[in-house]
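These are the structures, in structure tokens.
Each of the next two complexes has chain A plus one other chain: chain B in the first, chain C in the second.
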Partner chain A sequence: MPILQKSQADRSATFAFWAFVTPALLGLTVFTLVPIVWGFLLSLSHAQNTIHPGHFIGFRNYADLLTDEAFLKSLVTIFVFALFIVPLTFAVSLGLALLVNKIGWGRSFFRTVFFIPSAVSYVVASLIWKVSLFNGLPFGFVNHIIGLFGAHPVAWIGTAHPPWYWLVLVTVRLWLQVGFFMIIFLAGLQEIPKSLYEAAAVDGAPSGWPVLRYITLPQLKATSVSVLLLNLIAAFQAFDEFYNILGGSGASIGNASLARPPLVYLYSLALSNQDFGRGAAGGFILTALIFAVTLLQGRIFGFGGSEK
Partner chain B sequence: MNKNNVLNQLPRYLLLLFVALLFLIPFYLIGRNALMTDGEITSLHWAWLSPHPQWGNFSALFHDTAAPMLTGLANSAVIAVVTLVFQMLFSSMAGYALARIPARGRNVVFFLILATLMIPGAVTFVPTFAVMAYLGGVNTRWGIIAPGVFSAFSIFLFRQFYLRFPTEIEEAGRLDGLSYFGVYWRLLLPNSTNIIMALGVLTFIASWNAFLWPLVIGQDPSAWTVQVVLSTFLSSQKLNLPQLFAAAAVGVAPLVLVFLVMQRYIVEGAKFSGGKE
Partner chain C sequence: MRRNSVSLLQPAASAAEWHGSRRDFLRGVTVAAGALLVGCGHSDVPGARVTLTQWYHQYGEKGTQEAVVRYAKAYTALHPDVAIQVVWVPGDYGTKLSTALLTRGGPDIFEGQITKPMVTAEQVAPLDDLFPPAVRSDFSARDLAQNSVDGKIYGLKMLDDTGILYYRKSLLKAAGIAPPKTMNELIAAAKALTAGNRKGLFLGNDGGVAALINVAPWSAGGDFLVDNKIVFNTPQVASAYEKMRELSDSGALLIGAPTDWWEADALVQGQAAMQWGGLWSYPTIAKALGDDIGGMAWPALDAAGHPATFLGGWSAMVNAQGRHIEESKKYLQWLWIDGLKIQEDWCLGYGFHVPPRLSLARSAAPLQIGVAANAVKDLNIWGRSLPPEWNSAMGTALADAVTNILKEGRPAAPELATAARKCERELSRLLE
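This part shows the complex of A and B:
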């Protein structure tokens, strides 16, 4: 190709490139990058009742939050929640994937049944959990069922110190997300070469647990790491079910103070109290925490890219 | 499958059936309660189904001005469809450029997009609200839509998809005199239906079901989405149970339908998101 033409082609490629990426780049800049910078400036400002940074006070918002008992309690809450929901989701979705993968007839039926809660919103699920499934009165579904076995109705979330509220909060997310992760595990299972199992059978390895332990699980490592990671990051940003089941900042009914995760607390700080400086600072603290936990998990389990 | 095999699998089937039953209970409860009177729902004598299904609960829902369900449905539908269309368009455009158009600065742009991918979305809602308030997007549909349109994640997935797209087709198109835009519009886009369907359905569902951002931005009832309407309903002092469940049924039915019809693509989308494609 002659040189003149080449540089012309270069120029048209450059023009096309920028024409194609500009809408996305502009959008990401305005709605992600600018908010991060704006948020950082806000977090250094005394921004009560204003969205404009300017009245700079150094890192006082951070210091205030890190000594604010309610905020620290919300961090504990989210750790406890992650401690329950992450392993539980992992075990149940892997278990279901293994079961569904093994059966022949009816596989797509079961897959659909476990996956379909993914179509339901956290708000609708919270509504069912709060008002019907785990209603503390005798007409709640679970109370009706345990009543059949002679147990007394349980006040799941209704009283001042309900004993079982974690069960309510954990099961709602479990129900909503297990099917999604089961699908990812199923895809992982189908990538395992059949020859590995055949070789094990030829070598006389007993089926069942040893096969699972020495073939299936190691082969699923990359999948497992991505499931853990997605799940963990989502858990740390929990908002919907806590807000709707226990009550949000302004809700008059409910037990919001029982278990208030960071996002619900930041929501009430920024949107109800109009303290945008502290609200922004809290977002950065939580982001740092998510990074730290992700890195820690990477140290322990690897990031899933190194095998094969 | 032979008989022996089925017998061997019996415990597995029983376990699966039991779990499947548990998973269906919430759907059953929506349907049951949506068709009952308040007295039947709160009765101490459990009835599995109402003897007289109250279809009127649904029409009452749409006549109740205190619960702006119609507005909510309209808002959610517009928001989900617009988000879907523009997210697919902008993401596939950027993904194509990042994968296939050689230009200076391409790596910088890609790095920038990857960097925004690392930021947990819900965490930035306070500063994004500040920016949106500055731009005048509070209580507007576009204010709810805009941040959801730009997804670093779907740009990344489109880029990966176009990297694996056979170069021959593209080169043939270039030789035929197609511009970059022509190649994208006539050759790549028509061959991207699979990924567009897979990511599109997930985008639609996520947008319809989103709660935190619509709650933050749509403070006026005219801007409430279905989820915000339902949440407001749930926290109101005087809970109207049959209406609450009728509303939940209306809010969830379109999605369950979309889900059942599009399941094949949703499974693909889930695999994409989990890094299994």
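This part shows the complex of A and C:
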């Protein structure tokens, strides 16, 4: 009875397939697909103090947001932020990976040390940056250090000229995410065949910059593109450090107005102001934007194309 | 549950055992999920016919949480069939509350500030029958207006708050300065009192945008939203903000302190010589600084202006989607209308707040002397608030303009024109 046995095996394989896939599929449907569809319907509704779509107003929420100075300014803010943070994270994490990869002893120690900040919550790190490191009083950590050189205490957060708050925002994210991207680069570095370096040495290539320029960096192309991509998407989704260092709506709104990324603006629009229609529309606009930038980046760096 | 945890920890020896432990595991997960779901829903207190859930934001003053639980227990002692479950909500109370009100599991009773959309969305129940003429006349017209939408009352004021410009008398005296009566005098005083590690004035870590965004224009005779019209785009309001910029640029403001304007630490710890704060902090300040403290309303913009302060505070409301509206109203009536003892304890036993009941505010001993007496007088004359039609999107639009004026140094008139245009759009959305 081999046929029967086979179909029994098939059935049990099918059963196993559904047994494993169903929970994930259910989760995906309940927590991702339904909210996306619901959110889209909300974005077409006048949903003030309600999360029930129904009072449909077409694309007015989208039109309102795209003519809203504050929302447009938030898009500019996030582009500027990405312009700072993405190249900086890329350079620092690549540099750290090269250094850690180079040392013979203590590699796993340094790898762990640099990775640990990735495990810290953005909220906690933001509060440490705000209250302890970049506190505006003379006894704040940074003010104390610059005080040793005779400088006056600086109000790091809350003044526009010069905009020191960018230093606070960029350094906290740098500290938090560099370790993670360093690990990705390290994995990439370890994938590069030793034979390439040996061949280069045999051919008499001087070690150092030429090897880095002509072997290491080209071999890291796929890794670099994914680091850039992840980094850019994370930058566009920035919320925690802005919300916790500068503030959302309310208490310190005068600081929040200085640099408000789109997610903070949409959060205050949807949750403080309870306008879920415009909040949802903003979410879709932002998604479209991230999508477009990612495609553009892929076009420029050739991500997803066939390996040459 | 004990067996489950054992089978989860020990590696399975055979397929049969593994089967059993997997089933146990699933059962455990189901029980845990069930427990979580139960935790999210309403739980009735045994013995009581009705359990009312009541939300408060986290008050900073010591003893307040114990006080509200005590009031709730006292009510249950009198009405054994009604139990009150008090929920003390830390963090972003406003967002948590409005999110809870969107669902069926929202609190029966809560505190907050009434906005028109809450009424339009039928989130709050009208409370007019708690206000017979004798009760109504014991509330100030401004407190009633703050809690009314389209002629109906939706909020029951539990406490009135107001702002005070606190100053260290000794420091002013040493510098030979009188308490400032106008903005020019305030700027001069703030500069004169800035010395060493001490700044002249603390208005909050955003340089006073959040704390004085309304108060400064009020001191120039301006206003924001009157009879469903945006009215802040005027030269008066512009000059009030430009004067605030002069104060910002003076270098005398403390910015970047660990606590904000609503707490008294900057003043008490000597980081600033003057501070804009709340009457609620007065007991803390008086305890730390004794007689060395004076207080007044925000000074007039100029000779044509007048002192200004805000009328704030919290109102109790009933969830219109709740299952026990009548019971909730009866409880609120007992809590804040029938007996004045609870209101006196609540307003004056912990921090300092002005009792909304006029009869009580007039007779309460702690409010008859010194800084507190002045604050109550100023509140009665100059206290203002924004109407329920003003929403946070308008607040954001105005704050963006004010930040541009104060911090980025942009001219006030065009900024206010932009903000007014945006607020008008928001208002028409709100009224549609």
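Throughout what follows, the second predicted complex is superposed on the first by the 278 of 308 C-alpha atoms of A that agree within 3 Å, B and C clash if a C-alpha of one lies under 4 Å from a C-alpha of the other, contacts with A are read in each partner's own complex, and residues count from 1 in each chain.
By definition in this document, contacts are C-beta pairs under 8 Å (C-beta built on N, C-alpha and C of every residue); 3 or more make two chains touch, one makes a residue touch a chain.
The model shown is predicted, which means the values in this text are computed figures rather than measured ones.
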Touching A:Gly136, do we find chain B (first), chain C (second), both, or neither? second
Considering only touches as defined above, state whether A:Asp203 meets chain B (first), chain C (second), both or neither. neither
Tell me which partner A:Trp156 touches in the superposition: chain B (first), chain C (second), both or neither. second
Of the two partner chains, chain B (first) and chain C (second), which one does A:Ser257 touch, if any: first, second, both, or neither? second
Which partner does A:Gln48 reach: the first (chain B), the second (chain C), both, or neither? second
Partner chain(s) touched by A:Gln274 [first = chain B, second = chain C, both, neither]: second
In the superposed arrangement, does A:Ala119 touch chain B (first), chain C (second), both or neither? first
Of chain C and chain B, partner touching more chain A residues: B
Which chain A residues contact chain B in one complex and chain C in the other? 51, 131, 137-138, 247-248, 251-254, 271
Inside the complex, what are the residues of chain B that reach chain A? 1, 5-6, 9, 12-13, 15-16, 19-20, 23-27, 29-30, 33, 41-44, 46, 89-91, 93-94, 96-98, 101-106, 109, 112-113, 116, 119-131, 133-135, 146-147, 149-150, 152, 155, 179-181, 184, 205, 208-209, 211-212, 216, 227, 230-231, 234-235, 237, 239, 241, 244-245, 248, 251-252, 255-256, 258-260, 263, 266-267, 270-271, 273-277
Chain A residues touching chain B in their complex are 12-14, 16-21, 23-25, 27-28, 30-36, 38-40, 42, 51, 96, 99-100, 102-106, 110, 112-133, 137-139, 141, 144, 175, 180-181, 183-184, 187-188, 191, 222-223, 226-227, 230, 233, 236-237, 239-240, 243-244, 247-248, 251-254, 263, 266-267, 270-271, 276, 279-280, 282-284, 286-287, 290, 304
Counting only contacts in the complex, chain C reaches chain A at residues 92, 94-95, 98-99, 101-102, 117-118, 120-121, 123, 197, 204-210, 213, 254-258, 260, 271, 391-393, 395-397, 399-400, 402-404, 406-409, 418, 422, 425, 429-430, 432
The answer for chain A against chain C in the complex is residues 46, 48-51, 64, 68-70, 73, 131, 134-138, 140, 155-161, 247-258, 265, 268-269, 271-275
